[in-house]
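You will see two complexes here that share chain A, one where it goes with chain B and one where it goes with chain C.
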Partner chain A sequence: MDWNVIQEYLPLYKEAAVLTLRIGWIGILFAVILGFICAMIQHYRVPILRQITKVYIELFRNTPLLVQLFFIYFGLPKVGLPVSADVCGAAGLALLGGSYMAETFRSGLEAVETVQMESALSLGMKWFQAMRYVVLPQAISISVPAFTANVIFLLKETSVFSAISLMDLMFTAKDLIGLYYKTTESLFLLVVFYLIILLPVSIAASLIERRLRYAGFGN
Partner chain B sequence: MERAEELLKLEHVKKAYDGQEVLKDFSLTVHRGEVIVIVGASGCGKSTLLRCINGLEPIQGGRISLQGQVIDGRAKNIADIRQKIGMVFQSYDLFPHKTIMQNTTLAPIKVQKRIRADAEKEAEELLQRVGILDKKDNYPRQLSGGQKQRAAIVRALMMHPEIMLFDEVTAALDPEMVREVLDTMLELARSGMTMLIVTHEMSFAKAVADRVVFLDDGVTVEEGTPEEFFERPKTERAKRFLHTFEFDSVKK
Partner chain C sequence: MQDLGISVLFKGINMQRLLLGLWAALRISLISVLISIPLGILTGIVMTLRNPVTKVLTRVYLEIVRIMPQMVLLFIVFFGVTRVFGINLPAELSSIIVFSFWGTAEMGDLVRGALISIPKHQYESAAALAMSKAQIYLYIIIPQTLRRLVPLSINLITRMIKTTSLVMMIGVVEVLKVAQQIIEANRKTSPNAAFGIFAVVFLLYFTACWPISLLSRYLEKKWS
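So, the complex of A and B:
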């Protein structure tokens, strides 16, 4: 391995990592919002919307991100809605992630016994107060392990962004290998940068999970 | 003698689940300060009745009112009415993510906008009265079943309800814990609280009730003082029901 090459490549990878993180976090943020809304619709059986979200969840959970990205990137311009690669990446991740997050939050909500909502209501709380102070805190902490697994999964999925010519880590590595054939150095940096992004998330996740398990409620 | 104020009134209440009638034509008037025990076979609709009173279940006919205000789970004022109705469920329904102190002060602070320090002071007094003040900073999972139910009673009392509903609050408890919960309820009755109690503890019913209501097949079959009901039941159905709590001696 040639350390001079690595030093030379480093800025390129840094730039790519920033892009991966930027699009990754925006995508995940919207995935959380979308997933939460879908979970509430599913759990409280809102008519019509419930069927729509069901179709959405199944569609996106059961197709690869790459296919979804192609549809957004090449399909939308055909119907007069051109999107930039950045937006396309974030939107694809948000849609894929939303379908996973929806299932995660829904099973969290389902794990909270109905008597919790009822006893909150019977104390005179309004529905949204019961939700905010009683049901959601429990549902969210039940969801945490699946939630963090989703975040890690989604960050890894960003590696297909290169297919819509986003200059992410994967794109950078492939590009450099194609141009200069420094395969070892390129791949080494690729692995290191993914670890730099994902390890802190994994460690934070397991710390949070341990705290939650320690505080683990349930009768 | 002048009768006390009519607090809770159920008039010809009908309740069905998917066409299957549970309450057929149920009427009951509860006066301030009265303690009414409702008994009946499993599945006769006792829990359903309490849930209807709290607006947790919609009714298909008749009228339920508290101090003249109609109780309707979908009406705007339902949260205000529910504050006046304390309910304790059979399953331990404390909030597992909150300490006992937080459980008992959450609604007073968030719903009634009481000052935290005042609410905590009152909670401490009540927890002291039911003998679990030392558990105030514990989580529900760290309490025994009996302690949990006493905490649930305190949580309901913190809202200063006009009436308390109890749905078989000792049914899930080990025998040695039943007593402490029933004692708490007896003391509450003595202090003048209006109470509607569903229970299978017949000797407790005898001790606490001003009136016993026997529910069967969706209607009140018999109603009277504990002496009348337990010693001289009038109907065949009541006799048969009471018989299930007795054992015939096998010794000759």
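So, the complex of A and C:
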């Protein structure tokens, strides 16, 4: 291990980590929005849209992100939809994550019994009030463990971005190994940076889970 | 624009090559699954022990696997081991090592979850009937655990298959690599083949994983 080399590489890795985080959080944000919309459509059985979201969820849950990215990045330009690498990365992550989040939120909504909604309505609440104050808080606290697991999963999946030539951590490591043969140092920094990104998320996730475990109804 | 690669697909033995590529990826995941299921069951049992040493060790192992992207593990084994120990690991072998390492931890966690979901009185009643530790596991705990475990571990297989697409990044020739080769070889005659070929790869993965997910969901519903 050569510390001079590590110091020299550090700025490159920092830049790459920023890119990973930037695309990662945009992707996850859109994944949550998309997943929430799909879950509501599924739960309230909106005709036609329900079948479409079903197909989407099954398609993207059962294919790897790498294949999705290749299709979006190399395939879509051929039918007149050129996508830049940044957009492609975020879009791929959002589409993959959306399908996972949809399942998570849907099972959360399903876990809240219908009697909750009915009771709220019979107390004179509007549908939106019942949703906002009764159903969603319970559904969200039920889906939190799966939700945080999804976030960690999606952050880990960003490691395949290097395949579409985004200069993320993987790309930097591979590039440096190829250029200078400093394998140990490059890999060491790679591990350290992924730890810096993922360890806080993982710890935060377990803290949130512990706090929300008491929020469920009746137990 | 008119030709999106469907003709390329049926040219020569291109379709067979793609399927062989898919098989190369599936083979890696199947071997890794076969290795990680028995090892994972052992790990899971070790995780439930009250020994503080094993508790810390398995915890650290699980966290490493949870936090490190599989791709990083692949790089460490494929590039790092070669460098540090001077052993030349073939890409396929290193991916099997990594996916077994990963699968064992995941499987171990599933086994642990299934084991601790069995109420304590099951163990105690069995012990009260003078069963030995081995008998308790064999006749009481394992049959109940399996029902919870089987759907989840089937689900793990689909995750394994999806993750093996990463092996392309360390140079294993699998379905994505073959797809790239086919596209490159036909660049002149049908420049738009990328759309069709990658769409086919997408659907190939889907047809490999979807039936397995359906089976897992069906079993989960049936046995819960």
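Before moving on, here are some points about what is shown:
Going forward, the second predicted complex is superposed on the first by the 214 of 219 C-alpha atoms of A that agree within 3 Å, B and C clash if a C-alpha of one lies under 4 Å from a C-alpha of the other, contacts with A are read in each partner's own complex, and residues count from 1 in each chain.
Note that in this section contacts are C-beta pairs under 8 Å (C-beta built on N, C-alpha and C of every residue); 3 or more make two chains touch, one makes a residue touch a chain.
Note that the structure is predicted; figures quoted are calculated from it, not measured.
Look at chain A after the overlay: chain B and chain C fit there side by side. In the superposed model, A:3 lies in contact with neither chain B nor chain C.
Contact with chain C, but none with chain B, is seen for A:187 once the two complexes are overlaid on the shared chain.
In the superposition on chain A, A:76 makes contact with chain C only, not with chain B.
Between chain B and chain C, it is C that contacts the larger number of residues in chain A. Of the two partner chains placed by the overlay, neither chain B nor chain C lies in contact with A:128. Once the two complexes are laid over each other on the shared chain, residue contacts for A:141 go to chain B alone; chain C is not touched. Superposition on the common chain A brings chain B within a closest Cα-Cα distance of 22 Å of chain C. Comparing the two complexes, no residue of chain A contacts chain B in one case and chain C in the other.
Interface residues of chain C facing chain A in the complex, by the touch rule stated above, are 1, 4, 63, 66-72, 75-76, 79-80, 82-84, 158, 162-163, 165-166, 168-169, 176, 179, 183, 191-199, 201-202, 205-206, 209-210, 213. Looking at the complex, you find that chain B touches chain A at residues 54, 56, 79-80, 82-83, 85-87, 89, 91-93, 95-97, 106-107, 110-112, 139-141, 148, 152, 155-156, 159. Interface residues of chain A facing chain B in the complex, by the touch rule stated above, are 113, 115-116, 118-126, 129, 133-134, 137-138, 141, 217-219.
On the chain A side of its complex with chain C, the touching residues are 58-59, 61-64, 66-68, 70-71, 74-80, 152, 156-160, 162-163, 170, 173-174, 177, 183-184, 187, 190-191, 194-195, 198-199, 202.
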